[in-house]
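Same chain, two partners: chain A is paired with chain B first, then with chain C.
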Partner chain A sequence: MADGSIGLWTVPLAVLGGAIRVSTPFLFVSLGECITERSGRINLGLEGTLVMGAMSAYGISYLSGSPWLGVLAAGITGALLGALHAGICSLPRVNDVAVGIALMLFGTGLAFYLGKPLIEPTAPRLPAIDFGWWSDIPQVQAALRINVLFLIGVVLAPILYWAFRTTRWGLLIRTAGESSDAARAMGHSVLLIRLRATMVGGFLAGVGGSFLSLFYPGSWNEGLSSGQGITAVALVIFARWDPMLCLWASLAFGGAAALGPALQSVGVTSGYHLFNAAPYILTLAIMIITCSPKRTLTGAPAELSITR
Partner chain B sequence: MDFGRISRRHLLQGGAALSLGAAAGLRPAFAADTTIGFIYVGSRDDYGYNQAHAQGAAALKKIPGLKVVEEEKVPETDAVEKTIESMINLDGATLLFPTSFGYYNPHMIKMATKYPKLRFEHCGGLWSDKDPKNAGSYFGYIDEAQYISGIVAGLTSKSSKLGFVAAKPIPQVLRNINAFTLGARSVNPKATTQVIFTGDWSMPVKEAEATNSLIDQGVDVLTCHVDGPKTMVENAARRGAMVCGYHTNQSALAPKAYLTGAEWNWEALYPKFVKMITSGEGIPNFYRGGLKEEIVKTSPYGEAVSAEARKAADEAKAKFLSAEGFAIFKGGLVDNKGKTVIPAGTDRGQKDPELEKMDYLVEGVLGATS
Partner chain C sequence: MIVGETPLPSGAFGVDAIAMTMRFGDFLALDNVELKVRPGSFHALLGENGAGKSTLVKCIMGYYHATEGDILVGDRQQAIGNPKDAHALGLGMVYQHFTLVPAMTVAENLVLARDDVPAIVDWGKEKKELEAFLAKMPFKVPLNARVSDISAGERQKCEILKQLYLKRRFLILDEPTSVLTPAEADEVLGMLRDMVVKGELTILMITHKFREVMAFADEVTILRRGKLAGKGKVAELTPDAMARTMIGAEELTVQPARTGEAGKARLELEKVRALDDAGAIAVHDVSLTVRAGEIVGIAGVSGNGQRQLVEVLAGQREAESGEIRVAGDAYHASREEMRRHKMSLLPEEPLKNACVGGMSVADNIAFREFDRAPFASGGWWLNRGAFRDDAKKKIGQYKIKTRTPDTPISALSGGNVQRAVLARELGGDVEVLIAANPCFGLDFAAVAQIHAEIMAARNRGAAVLLVSEDLDELLELSDRLVVMFHGEFVYEARTSEADLTVVGRHMAGH
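Right, the complex of A and B next:
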């Protein structure tokens, strides 16, 4: 320990640190998508929303000097993109999956276009809370330097779980997702419920994007998301539309992303391509284990265009 | 819809456009209005590899009579052939710079065979006599600058543990890792370099994770070979580690942590290329050079670099600039598996093409190529 290294302990520590650092965007996007899909609509455009959120958060933080204003701007941008998706989808005979793909391309393209002048400047970052004060090992302190957004996400998951089950709003969203006829018979506008659910989903995805550019990795560039938004949308499916499972799945993905670099750093160098692919192998494995051709996915909202 | 008719019409239009293009190609090269096409694999302002080329392209834009067309984020697939075709047929480009490693074979070679009157200059490829005469490859011995970064890193590190965040184990990357390590060990024999491969040229989250893992292992000076070093530089500086930059000067991102860096100097080379063509001598098909030829340069030393390190680095630089030059890869070189990779007595000078096929990591590097 004299030379400041902690040997093989790096691996579990990096996976823990990675779970905390890398999981936040997954968590926010998957919780947002969970709300949207529970209302009976799929928004595949969240990859674009994530990138737009990252860009607008960085831009506003740079221009105003306040990273929190950046987070808010990212959320609003996300909500607007969500409203656009819901607005187009409320027209008759529009396929929400196709609109989502179009908005994904639109969002990333617009973010790259508007973000060109933001690559060079350095914007103020979100602060971190030091949870590692009890340890005098710098590696532990670094792993436990936690951002508030992560904590908000962790608290949000059980709240959503509870809200879906017990609140009026939760019931309305689920009704719209399970049977639009029932919601209509109760006198509610299904389109309005879905509009709100998609906007909230977009808001959360935008906030997830702000974490990427304002905390970790912590700067704006065009490779920033590298598909995390899409991964998070897929994550909702294998989390069975359950916010708590979304939380665990996001943490597992974050940890898996840290595994490849951590193993190489302690000298496990063979097959690093395989370890780098760990998150995708994990997805595939869970999908294969849990799927069955004989029934639809348990927990899938009945109104979703993929299950209908 | 009758797709058959439309595609036939398009075919005819395409044929007409092609013959027009071929006619355009017959113009004498480099008339008053010459169009030069630049193709980048990533974003033009990535604080790294592509930005360095774009700065070179910007230097050409200042020359009267030259028009520069650029396309960024072109994948290393047949997409680059389409880009080349459109630059030739729509923009009238007569000199093309596909700047990414994977463009060379088969894509650029195919295009050079198809348009024998036009000139193709590829960055990083290995031109051989079998390749078309109107194609060429140029590259800089940036490992010379990495060697100097290694000297500074080796004398600055307190733990003697250096870190290298690398994209893929291709020869150019391995050569940089090895030169960096040899530079560090020339002044600090205890120094080791831990390398982490992220798997691709631009993976910000992986690069940040790699940086953190290296620092967790006690590494206190880092450098990298990825397209955009911004992520590594910022995250390492946040953890209190020192960095050596790559591709361009990143000192503005971390003024206190930035020691020095290995930079490209394309803004000096590209105007030189244009002069070679206008004067009639032409660009050699295989063009290489290092610090002496001003194809690469080192960043100015940061404030954390000690007087001792400056002196050692300046001495090494003087050797590279001297008339006889300096070979980084000397005879008797052993790789990190204990195998002798360069037999004793045969120094491999910078221009030795064997070095461009490098597939080993030298002694002192912790890591493996596969």
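Right, the complex of A and C next:
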């Protein structure tokens, strides 16, 4: 072992650091999807939005020299893709799941096409804050070097939790998602509420994508996303559409994804690929434990096409 | 409203609909209808299903834009483009389908309904104001409970309170008492009647209960097939006269007299327990015996476990525990058992629970027998000719109005869907019949026909379990009455000896 001083403590530390790093895109996509699904629509296209966000963030960061402009560009790209999804879904007899899958393919395809020239150059990356200055141990320092986007996401989750309860917009989004009849009877346009919710969801997913290209792994290539966008949609379901649970679920997911590399770093190499599958095994296990054919999902927005 | 115009006076105001015509494509839903609701009056709007009552009030509320006609609010012509315009004028409506959001609390629902919801809601302050408002109201609702956790009766009260909280001065009620016990209905309508008498409110109520019209309404307007069929002061009319105006010249099926005595036990439930979709106990260890040649009616406000009980009997839901026996044999709702015991089912919402909407009327009528002779050879080769011949025979016999036997059943009206199910379920021999709200939302002709068929099945010796939210229907048909409350049978009596006030008290859980 390279550093014998902390021994097996390397594993939990690496899992913690990995959890924070890997969970950031999950966190943003799931918070965004949480808003969209609470309004009664499901956007499966967020995988495409994530990749488009990563590409546009990298491009703008490279061209302007400012990673934060890149993040903004990623958000705007995501919001536009969200508006496209919502626009198509507001036509009569259109199924949001099918549109989502189409947009997922469209987003990734477009990003690869437009992003070809971005594979070579290096763009300025997002900063991180060192919370490990008090320690001399490099592993501790590495684990506690926390990116700013993660911190923003951590703050955003309780704000959303609060906003769903106490703001007019939160109540309107929930009304549209729970009973479109009720929303219409009050004279609100359900389509407009869902358009806005899908755009905000797309914005956050785009920002999640910018993390991939501007922080970790921190470059642009076609294998950048390994399905984080689509996994985050599933994550919203087992977080029961609750932003705070989205935060914990993202962290659990990130931790599970960091397990394989962490074990490898202490020399456990057998079953490496099996450990890499930990997040997916976790998803399946949680789904099997929490779902029952006899009961409807608690907390599911009643207007959602998958629960109706 | 035009700037500079004097605002509407406070208190109740009247609404007139003049020469209203509404066309949906080729279909004429309203034909030159006139409705005059005087300020400070309690007005009843009567009519059969499909007579145009809902269309008319939705035109007033700005949901639909009438093809022709004008709306006068407080004697002034108003263009009402959408429900928000109507709300701004002080008009409000309580819909037949609830417009409360089930996953939110009562307080959230009330605040949300306002036109001026603040960007950030100060719940402490809002709740104090709501409590002060509720203190002035004669009935209570739990502010912090989720709407999905309160009873249907409380929800209906909540809908009405919501309109009063929003300070509406002209209130439209669409069948407001269908989920209330008779005592609750009297309480709610009595309170609204007091507000009308004080001049604070004008009420337009859509209903089909003559008892409520006679007790609470001042005036009545009756529609038939989109046309104005009659109007007048309630004091000068009788229920019979109103019913005749509603139905017109149509002949109703005559119900056969009750004959024969109850025989051996046919359907036995023993400590049956079932859960609802959320996993809570909906049917709580109920036991019941239905004998041949008797109708047992299960009364209760909707949402007290009746639906889950019927679903267990229909095979749509698994019982958690307990035993069901038919003619002494254990019963698990398999197709083979249903066939052997000649069981028939008339579930509620027949289009959803008993039909495949996209399949033809003929196919739907053949569901029970489609893979047996004469419909099939060898159990797999279907003989389409036999489907059609059988369907044609039953369409004539049960007066099903459909263009052809091959029309998709979802294109039929509610009454004709139920007639088609009736033809399938009661067309052969019946030993056990389970019916749940079989007449919900149907017109007089269909109701009379279904009641006659159920009574005829009983007289032929079938054991009938009739679950209904309509107490009048149960009192008319059943031999024995059981009241279901919170998943349990809380009261049982012979119908001839049942006391309506006692039944109502048990329905409300007292």
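Criterion: the second predicted complex is superposed on the first by the 302 of 308 C-alpha atoms of A that agree within 3 Å, B and C clash if a C-alpha of one lies under 4 Å from a C-alpha of the other, contacts with A are read in each partner's own complex, and residues count from 1 in each chain.
Rule of thumb we're sticking to: a residue touches a chain if its C-beta (ideal position, glycine included) is under 8 Å from a C-beta of that chain, and two chains touch if they have at least 3 such contacts.
None of these values were measured; they are calculated from a predicted model.
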Room on chain A for both chain B and chain C (clash or fit): fit
Which partner, chain B or chain C, touches more chain A residues: B
Contacts of A:L171 with chain B and chain C, given as first, second, both or neither: second
Which superposed partner A:A182 touches (first chain B, second chain C, both, neither): second
Chain A-centred angle between chain C and chain B, computed on Cα centres after superposition, in steps of 10 °: 130
Partner chain in contact with A:L224 - chain B first, chain C second, else both or neither: first
First (chain B), second (chain C), both or neither touched by A:A257: first
Chain C versus chain B - closest C-alpha approach in the superposed model, Å: 19
Interface residues of chain A shared between complexes with chain B and chain C: none
Complex contacts: residues of chain C adjacent to chain A: 82-84, 87, 93, 95, 97-104, 108, 111-113, 115, 117-121, 123, 275, 277-279, 318
Residues of chain A that touch chain C when the two form their complex: 165-169, 171-172, 174-175, 178-179, 181-182, 184-187, 292, 294-296, 298-299, 301-302
Contacting residues of chain A [partner chain B, same complex]: 3-6, 10, 13-14, 17-18, 21-22, 112, 116, 119-120, 122, 139, 142, 216-219, 221-224, 226, 228, 257-258, 260-262, 264-267, 269-270, 272-273, 276
Chain A partner contacts - residues on chain B that touch it in the complex: 42-43, 45-47, 73, 159, 161, 194-199, 202-210, 212-218, 227-228, 230-231, 234-235, 238-239, 253, 366-368, 370
